[in-house]
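Notes to accompany the following structure.
The chains carry the letters A, B, C, D and E, assigned in the order they are written, with residues numbered from 1 in each.
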Amino acid sequence: MVQQLINGISIGSIYALIALGYTMVYGIIKLINFAHGDVFFVGAYTGYFTAKAGLGLILSLIIAMAVCALLGVIIERLAYRPLRNAARIVILITAIGVSFLLENLGIVTLGAQAQGFPDIVNKSTYTLWGDVTIDSIQLIVLVVTVVLMAVLQYVVHRTKIGKAMRAVSFDMEAARLMGINVDTTISATFAIGSALAGAAGVVFAIMYPSVDPLMGVIPGLKAFVAAVLGGIGIIPGALVGGLLLGVVETGVQSIPGMSLWRDGVAFAILILILIFKPTGLFGKNVREKV
Amino acid sequence: GCGSKSTGSSSSNGDTIKIGANLELTGAVAAFGTSQLNGIKLAMEEINSAGGVNGKKLEVVSADNASKKDESTRTATKLITEDKVDVLMGAAISGDTFAAVEVANNKKIPMLTPSATNDDITFDHKKNKLNDYVFRACFIDSFQGKVMADFSADNLKAKNAVIYTDNSSDYSKGLAKSFKSEFESKGGKIVAEESYQTKDTDFKAVLTRIKTLNPEVIWVPGYYEEVGKIVKQAREMGITAAIEGGDGWDAPQLVDIAGKENLNNTFISNHYTSEDPDPKVRKFIDAFKAKYNTVPDAMAVLGYDATYMVADAVKRAGSTDKEKIKEALANTKNFEGVTGKISLDKNHDPVKAAVVLEYKDGKQTFNTKVQP
Amino acid sequence: MNKRFFIGIAISLVFYGVVQALISGEILNDFYIDTLVMLGVNIILAVSLNLINGFTGQFSIGHAGFMSIGAYVSAIMTTNLGYSFPLGLLCGCLAAAVAGLIIGFPTLRLKGDYLAIATLGFGEIIRIVWLNNDYVGGAAGLNGIERVTNWSWIFFGVLVAVVVIQNIVKSTHGRAMISVRENEIAAEAMGINVTKYKVIAFVVGAFFAGMAGAFSAHYFYGIAPTSYNFMKSFEILVFVVLGGLGSTAGTIIGTILLTLLFTYLQDIPEWRMVIYSMILILTMIFRPKGLLGNVDVTKFFKKGGASKNGGTTTTP
Amino acid sequence: MAAQQQLLKAEKVSRVFGGLKAVSDVNLEINDGELVGLIGPNGAGKTTLFNLLTGVYEPSDGDITFSGTRVNGLKPYQITKRGAARTFQNIRLFGEMTVLENVMVAYNMHAQHNLFSSILRLPTHFKGEADMREKAIEFLKIFNLESKKDEIAKNLPYGEQRRLEIARALAAKPKLLLLDEPAAGMNPQETTDLMNLIRWIRDEFKITILLIEHDMGLVMGVCERIYVLDRGQMIASGTPEQIRTNPKVIEAYLGQEV
Amino acid sequence: MLSVKDINVYYGAIHALKGVSFEIKGGEIVTLIGANGAGKSTILKTISGLLKPKSGTIEFAGQPIHGKVAQEIVKRGMSHCPEGRRVFANMSVEENLELGAFLRNDKKGIAEDLESVYVRFPRLRERSKQMAGTLSGGEQQMLAMGRALMARPKLLLLDEPSMGLAPLLVREIFNIVQEINKSGTTVLLVEQNANMALSIAHRAYVIETGKIVLAGAAQELASSDEIKKAYLGG
């Protein structure tokens, strides 16, 4: 039982890590950035190449984050910025387009087959008691996710750039009048969100050692669900949503014969939670003032 | 490489024999389709450089069914009506193949699927009807499951087993089913049946549970991407039981994903072994490596053999008459492929030997050969 | 108004006759018929989703779920139970409509992206139910479904879907739905029963999605759960938005163009999706309101000019 | 006044937001045919009271009776159906719909044709739609908006948007019309025109009007009775003359010089 | 201080400003009056860089600023309090005020100004932790004003600051505008409440359908019959 909880938290912290980037971007421009899962895949592949080239974990992470940050900024600049004033669903469709584009460019250039990810971390397993074990990667991911969550929360709520981000998220024109450079602020948001996706990609590829161009689809979807579960746009919500989703999935699978229903139950719980908390667990139910 | 498109000759009466490859080149299982197309193309080039068939060159027209059933029906129709192919090949997975079966039957075009394993594709057991125009080059699901169940019971002397199936794959479920009935008929006990889905990455929840059951054998009939992770995670959790699977495991990436040591004490059934010293196998593997810079997986080798099977049938038919090709395919006897000596039975399914391979330090080693 | 409606129907019947003649005369080969059927199925899907998303403004991405219900229920009726196709079709549509009713209710509380994720989850749950049910073949799905759908079925199916939805939209009930999309609070204040109209949109939309599912199941020989995953829902959404949210003509044109584009690109499989997604992105950037987003076609014919849009800001 | 029929009655109505009592123990009575003003400092709770009366918010406490029935907890559309229509402080038109369609939406609840007759295009549909259209156009004429009937609502200038909102609310054939700052953003001349329009509407349609306004010229000019809210509480009510000189009101709202 | 020469502005195909020219000298209060839809807000938006003129020039403190983006113009000491309040609804009152001083770095000065805003609008202090979106209309208007003041602008553009305010507050607002002006800030004021606006302004321009049709000293215009009839409700 405890082991299953650890399993759940470990998968959940990965969801949370990806969800953080999702929520970050959503929080600022209200865009469900469906390409997020694909930036994640680019991060993983970048890590794959750096690892193959013999670079270690830290360097691989840094390079992958940098590449993804750049990619995120480029995507925003080319695909989303021209649509600043368009309806949100239009940007959403564009994001789906970008997602398809990245995936299929990946297939064309890298091949559709999954590749094994080189071993770059010496994993050590700690036995807590009896049969219950946890390994170093699981621990690292959890710690990194929690720390990043705290950092992001601080940045968004306590720093000047964070205030600018929130102002932009509510009213771009008024934000301009405050002297905020809206474009830079949005670029920064994308850079941070995408860097997080890149980091998640590398960590994911280390934990589950294979990479392929479609690897981001399912984690991306799960992270999206996690973000909504926690209340999309709310940073601690992403963490809680991710962990909860991981634990629920693992919990369902730990019941004999239920493994088939993992996603079904997870979605059912999601819908139930939303019915009772229509804006997610942490979402403030801000009713429009009439 | 680029898609080998039809080069203009629109009718089959030209100097080419047209093969239409209806494959999953994009979408969810693009990895299978693209790999298979590589095998097909290699075979085509070899055949053509050896002078073709009956003096005519082979031409492969590939079309993408986007890993979708409805598209597959349409793609097959397009290959027949627009590209006027003589023979259809594909699709790579059973679902997409099913969608093309009726097209082949209605249009009376022989169709050979390299890798669709579902029992009902060639012979519809529900309606008790043979699909006259449909053939395959691979084992059927029930065969591999049986082979490995026998192997577990007889060679490994296992008394109990856990089945861990890819529930979103028809192939995996077929293998699981036949393994179960055979293993039980031999007195073995299935202590748990669990499942996962394609593209899953974390299997610890179920493996944790399997570990407490302490089975002798874990039967994981899936594809290498997930299987590799299952093996790795199982071993890391301290599960030492034998893990077994089918030809879906056969890919060079498996070793990278699972890790060499973790693969010890795993067994698979396969058509052949890439370590086989047989010159036919060596020639294929070398040629494939030279052209694509990677070791072929099961999909590629099946595509390769299937292409030669078509060429063989056309040669024996002596023309591109569809009926004659169909008859010739049905009469395939002792065809020497890389994956063994193939004869088609009355259900259009190959009768060929399977080999059981054991992974030792990341290398496939021959264990036993099982005749059907 | 009255006259226009009937002239439109007459013109489409002529179109039907011409195509039917071409098919009977074997001038159109099977591949074209396949394509026509697929177009028809996609049009029904897109037009029905447009009622929910485009007109009523409820962000739904679970349409593939409704489609799968139509497909499975009708196929069970005909293939497993041996009933006739028309009965199977009807049951498929009704079952999907009931599902629409059920999913309609969470929408009373959920808005925007939260509704989207709930509908997505709903669609996935439906898919997982099929996947885990051996009566309907599990992962393999149902195969060996007889081909019953033909040009006539699909044509009249599309006609009914378009006419019904258009007739709803161009009436006080449609205006009520649009007002819900525009401003829910004001709509309620004007006496619009917002709940009722949202549920109607979901029920009618789901009904026709079910119809599309039944048609495609009985044309393409088999169905499987993977055909109805969230990617399929996105695909339908793309048709709608690319054509123009809230414009039936736009939706139809968008669907036709994208379906044909996808078909045409079949010959270059490697680049197929790359080009497809590039076109998608570029269309959105250069025509953010969709292909026919700000052109009211009826007005276009009446006055011989497109209505002017508000425009945004002066370009430097 | 005693002879008049009572239309709306609020008894001890309160509404709390978080810790804030935006409306507290408010009593209010309006009779048929009256033209009543509601004034008070910013944030006094006037709009909130409107929201309570029209069902946008549910009262935390108290009772609201409209036309003799208790309407607490009813949905806005149900209250509208019983005969209360409103405008909003922040204009809420159906932006992408035409001017004419905006007005036609208000007729939906009186529609004679149901969904099926529209789907099947039965004669009742055509008749119902034609009726609606005709009546809507009549309304637009009254408000001088007929020439703009095919414009998209959001493209109208502000003043016309306000007028359209009033037209739309009137089209719902209410017994009680609630106007939330109808003159906001209008210049004095336009305000005068609006004042005349409001009076005319009351007389022409024989309806009751309750309006919130900060423009004292307008309020004092048209209202027969005035309620004054301050910090959620009703601090005064009476004729314009009484209100103008009420020290509490001067202190809280008007300032010395009026 | 500000000189606008012959600007033309379009919304898509709509020609909203047709060759508008005017100027403001340092220390003045200048008001723009005109009917609904005349183009007053458009002028302010163009000056502050939210819109770009198709042609014409705008100079601020001797430097051309047309075509510059808003944040650069803000940096040079202009602050625009937009029509319709536009407060950041999901941020607290205090955070909104802090955003007004986004480009400033003098912590002490910011704190002083924050205090003086709270003194001017005690209601804002009461609600300093409340989300701005749930303020009443009038409270939001005070917040928008306060936020604009937090930038300590040289030139303040005010778009209908008295809209929706209670009579007491309207007077208060006009007093504040006068005070701000006395303390050295130049003000461009757009108002529907033309009587009030003219009473505190030095000069005024009258705008009709995108063109300036009249200009003059505020008192003169206020006593002109034509103006009285058209805009003052007389």
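By definition in this document, contacts are C-beta pairs under 8 Å (C-beta built on N, C-alpha and C of every residue); 3 or more make two chains touch, one makes a residue touch a chain.
The chain lineup, named per UniProt: A = ABC transporter permease; C = ABC transporter; D = Leucine/isoleucine/valine transporter ATP-binding subunit; E = Amino acid ABC transporter ATPase.
Please read these numbers as outputs of a predicted model, since none were measured by experiment.
Of all chains, the one whose mean C-alpha position sits at the greatest distance from that of chain A is D. Note: the chain lying farthest from chain E is B, by mean C-alpha position.
Between the Cα centres of chain C and chain D there is a gap of 40 Å. If you average the CA atoms of chain A and of chain C, the two centres end up 31 Å from each other. Distance between chain A and chain B, defined via averaged C-alpha coordinates, is recorded as 36 Å.
Contacts with at least two other chains are made by residues 131-132, 185, 270, 272-273, 309-310, 312-313 of chain C. Each of the following residues of chain E touches two or more other chains: 50, 134. Residue positions of chain D with contacts to 2 or more other chains are 47, 56, 88. By the touch rule above, chain A contacts chain C in their complex via residues 26, 32, 79, 82-83, 85-87, 89-91, 93-94, 96-101, 103-105, 107-108, 221, 224-225, 228, 232, 260-261, 263-264, 267-268, 270-271, 274-275, 278-280, 288, 290.
Listing the residues of chain D that touch chain C in their complex gives 54-56, 75-77, 80-81, 85-86, 88, 92-97, 101, 104-109, 111, 113, 115, 118-121, 125-126, 128-129, 132, 150, 152, 154-155, 168-169, 172. The touching residues of chain D, when paired with chain E in their complex, are 17, 39-44, 47, 89-90, 157-160, 181, 184-192, 214, 216-217, 253-255, 257-258. Every residue of chain A that touches chain E in the complex is listed here, in rising order: 160, 163-164, 166-167, 169-171, 173-182, 286, 289. Residues 33, 35-37, 123, 134-139, 141-142, 160, 163-171, 192-195, 229-234 of chain E are the ones touching chain D in the complex.
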